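Take a look at the structures below.
One chain, chain A, appears in both complexes that follow, with chain B as partner in the first and chain C in the second.
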Partner chain A sequence: MKKLINKPEDFVRESLEGMALAHPDLIKIHLDPNFVYRADAPVQGKVAVISGGGSGHEPMHGGFVGKGMLDAACPGEVFTSPTPDQMFEAAKAVHGGAGVLFIVKNYTGDVMNFEMAAELAHTEGIPVQNILIDDDVAVKDSLYTAGRRGTGTTVLAEKICGAAAEAGYDLKQVADLCRRVNLNGRCMGMALTSCTVPAKGTPTFELGDDEMEIGIGIHGEPGRERMKIKSADEITEMLALAIIEDPAYTRTVREWDMEKGEWVEVELTDEPFREGDQVIAMVNSMGGTPVAELYVVYRKLHEICEKKGLKIVRNLVGAYITSLEMQGVSITLLRVDDEMLRFWDAPVHTPALRWGM
Partner chain B sequence: MIVTKDQIVLWLRRVADVLEENKDYLTQLDAAIGDADHGINMDRGFKRVLGQLPKVEDKDIGSILKTTGMALISSVGGAGGPLYGTLFMRAGMAVDGKQELTPEDLVTLLRAAVDGVVQRGKAELGDKTMVDALLPALQAFQKAVEAGEDLDVALERAVAAAEEGMKATIPMLAKKGRASYLGERSIGHQDPGATSSYLILKALLDTVRETT
Partner chain C sequence: MKKLINKPEDFVRESLEGMALAHPDLIKIHLDPNFVYRADAPVQGKVAVISGGGSGHEPMHGGFVGKGMLDAACPGEVFTSPTPDQMFEAAKAVHGGAGVLFIVKNYTGDVMNFEMAAELAHTEGIPVQNILIDDDVAVKDSLYTAGRRGTGTTVLAEKICGAAAEAGYDLKQVADLCRRVNLNGRCMGMALTSCTVPAKGTPTFELGDDEMEIGIGIHGEPGRERMKIKSADEITEMLALAIIEDPAYTRTVREWDMEKGEWVEVELTDEPFREGDQVIAMVNSMGGTPVAELYVVYRKLHEICEKKGLKIVRNLVGAYITSLEMQGVSITLLRVDDEMLRFWDAPVHTPALRWGM
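And then the complex of A and B:
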């Protein structure tokens, strides 16, 4: 294992400490329990948007804390979901009186820890809602699994919902918007190499020099299939078509009933992409793939979208939701309406995303 | 025959030892079908429990178990944190204020604990999870107690059922958690959560045997 770390057990904390030193105008950190929060928190009267998940996906989520995006982010150990006390303490720290939205990626551990956090926030009198992101079209047989995983759409949802909260939307409105973003976003990723969790010291999976794994999540979990490596255009086409041609997807998720104070099951269905749709396209590095290669992918993606009648109205190309040093790419397409686009364009100032201010 | 408060504390300390010894084993099981952190997480969690025990050792069994649950919730992470956290919290709530446990108390404790896990994780028997070890153990224990067997005999049956349930996860297709994404590829591997559940129950039996 070759990494720029001191001790594996200090990695998460030392990275957070460095981040705080680098961006004192934007963020602060709280240790034990760990969370990153807006330097000007709590913002009175604004819905607080909080996310979190395992570390190792940077800049998500800590890099998206700041004006116009997240109020707080709760990093767990590498690839391990954070614990409820982190989210609970973060919620108390950034709650400005208008409630808290938890944006949760659909992984069993994340879902359970955020559900416990919501229960704790509720008992503290903080209005709360959990919205799941489950956009990974690579997961087949979702009826017999924990469902689609939360991947690229998370970044876009955090931007759009953060802007809506900043604009004065109430908790129900921000939650409704977040749910809608999730239902309009689809993502798929692939890996050229594995990655090594510092505490483990060896690669999460083995991948031959001439092999690639298609349909990975963001933790080095196995994907749809392993095959011989192909050209960038062929790989882009495989990912893009899986997303664009993905049929309607129905799932049952648990959301919090704020009045009754209990979980309710909600059935949600999303619609496939159609000719004429306007989309935000994200071409994302899994951590180890250089930007130049991402643009090779974007070039082909642009061509495919044109051919399929999808109009890319905005794009994001870079490393935003990663798996440590893994080489690989994920593509996310989000169908947007005017409201989502307006919030996408709204000013944002965070360590990893900045425009308009 | 009863289980004393001292035995509960000894059990929790033994669990910490057992999980430390089995840290790599559990992590290897998890590497095959999950994300290779179960042993690391459980070891970290019970180290935290060890740190909290001195503060509650002179309280009742309910408080000791609830404190154990809170320590796990705040230190384990992943799915194991909420599941084992809920297990110990509910176990503690079921025996609030008690200084010792009769076999019937233990039935109540185990049932509350297993119900909590099922509610939190929404897993059913056969999904290749810790429920596959816990539920048969609960049923075997309850049956033995109702038949008037001694506590140690009832615990032996519970542990045997847990072991059988744990081994039965090997040919199962995972339907919950990260292993479920493997589909057919999850077949042939023993579930790490069922394994840690077995180890925790076995530690209770060993503690009771050695100290009664």
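And then the complex of A and C:
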């Protein structure tokens, strides 16, 4: 296994410790249960934004903790959901009196554990809203997911909602905004190579020397199709068109009704992209793909968006939501309005994303 | 070959085009000869800082063009020196009347071509100073290099000298500072895997499934030793101690004497690290190593520096000087004084490095 690690069972903790040592001005870590949180938490009067999920997708989520983005991130073991006590303890540590937003990627374990954590928090009088991210257009149901998986839009939602919370939005407003970001974001990825989970020591799946997989999940879940490797332009076109031409999608999600004090089912439908839309485009490395290749992808994506009448008003090219050392790319497009764009542009200072300060 | 590219011969150009489309506020590109330059160039009255070298090390150098860092970068083909006309045309495009600093990594082709470019510029009345970066402590001579190779310190020198130029330093001052940065920086890298140059299509070198190479060059040049894979802590210790305990090193470099109007040989000796030194530490991915592993390395590096009495006052953890998709890491330590630190902290806005704006 070719990794810069010590014992596999120490990987997550040691990586968190290294991150805390590198960024003491921005973050602190709590071990057992594990979470990363803002060095200046709790920020009184501000909605706290928390996310989390399996490790192995770094910099997501721990790298997005800091000013203007997340208040805390709860990392599970590699590709394993964090436990409810992680989110619950994180919520208690960062709650500044204005409630907590849980941004939850749609994987069955994450959804369940974030719901349990919300219930624990409610018993302590901390208002919590859970908003689901399910933006991956590749497949309808997947190995660990009922419905669409949650992928690239998560990064954009964390930035935008973090800024909204910083600007003084209340919990309902931040939750509404997060739901809207999810409904306007779509993502799809592909892999040239597998990754290897440290505790397992062998590749998650096998891909032939001349093969790739389109629509892969961020844990290596099967995608749409395995095929011979194609050119960057062809790959970009497959991903971009799948996203841009994706029809309206309706899902039923569970959200906490603050007035009723219970989980309610909410039906949500998004709208396909239309000519004239303004979008934020993210071209994301799966972890092992160098940035020079991402720019080859961005070049083609830009051309396709122009042809389709989508205007890329902001972009992010780099490794933001990864699958360990997997080679491959994902594309995310988020239709934005002025409100989202304003929060996108707001200053942010985290280990992995920084501008304006 | 598992890469997101179209035709290998188009890779560099298409990547540059993608970068320009993604960052029109920061950079422009010139093709044939190829260079990346500041969107607002030339900046009148400011020393222009230019670097370059083979492609395949992205984000270096093109990703460091922008406000507060480089004025231009000249990318050769993958792992191939750029030609003198690239640097010469870049110099003409960004010269703002205060002269040009060429920051040159010590590879024979780069050194020769940057010297030729300087001579061409001199004939047009553009004052140019060439400063060499030769910081890699792994080996004394190498496949493409007489003396030490130029590696990680280049990134730090580009940031610090770019800020000094922005602050109004004149050409001699910026060149003196750059020379001083080089004499205070040391770097060493290692590889877990090889990389594949697109035009060749097969790995540059072979490493067994359980092997790694310590002291590898950024083009896969042989390092100090090939050995069985060790733990991240052991690897970090090998690299860090090689850097920290490296004795004084004397080299003779060629610099342009502005008064005499000719190349002169200058003997330069650096000083080993000492207890009490303040350092900037960079833990750099070779391209295919995920950031979570880099933080495991940083954790141990921090411990070793503490033990050795070196105080890490700033750090940079990520992919900054890479070898395509190679898995591995390099560590750079730069002893800094207040002047260097002030320029390190100054605002920068480039595609790959951004803070304070």
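Basically, the second predicted complex is superposed on the first by the 351 of 357 C-alpha atoms of A that agree within 3 Å, B and C clash if a C-alpha of one lies under 4 Å from a C-alpha of the other, contacts with A are read in each partner's own complex, and residues count from 1 in each chain.
Everything that follows uses one rule, which is that a contact is a pair of C-beta atoms (placed from the backbone, for glycine too) under 8 Å apart; a residue touches a chain by one contact, two chains touch by 3 or more.
Computed from a prediction, not measured in an experiment: that's the story for all the values here.
Contact with neither chain B nor chain C is seen for A:Y320 once the two complexes are overlaid on the shared chain.
Comparing chain B with chain C, the partner in contact with more residues of chain A is C.
Legend: residue contacts after superposition of the two complexes on their common chain; A:V197 is shown touching chain B, with no touch to chain C. Once the two complexes are laid over each other on the shared chain, residue contacts for A:M116 go to chain B alone; chain C is not touched. In the superposition on chain A, contact of A:P84 is made with chain B only, not with chain C.
Looking at the shared chain after the overlay, A:E14 reaches chain C, while chain B stays out of its contact range. By the document's definition of touching, of the two partners only chain B reaches A:P33; chain C does not. With the contact threshold set out at the top, not one residue of chain A is in contact with chain B in one structure and with chain C in the other.
By the touch criterion stated above, chain A contacts chain B in their complex at residues 33, 54, 76-77, 79-85, 107-109, 112-113, 115-116, 139-141, 144-146, 149, 197, 199-200, 204, 217, 219-222. Residues of chain C that touch chain A in their complex: 2-7, 11, 14-19, 21-22, 55-56, 58-59, 63, 192-193, 209, 212, 229, 231-233, 235, 287-300, 302, 315, 317, 319, 322, 324-325, 327, 329, 351-352, 354-357.
Touching chain A in their complex are the following residues of chain B: 27, 31, 35-37, 40-41, 73-83, 85, 120-121, 173, 175-178, 180-183, 185.
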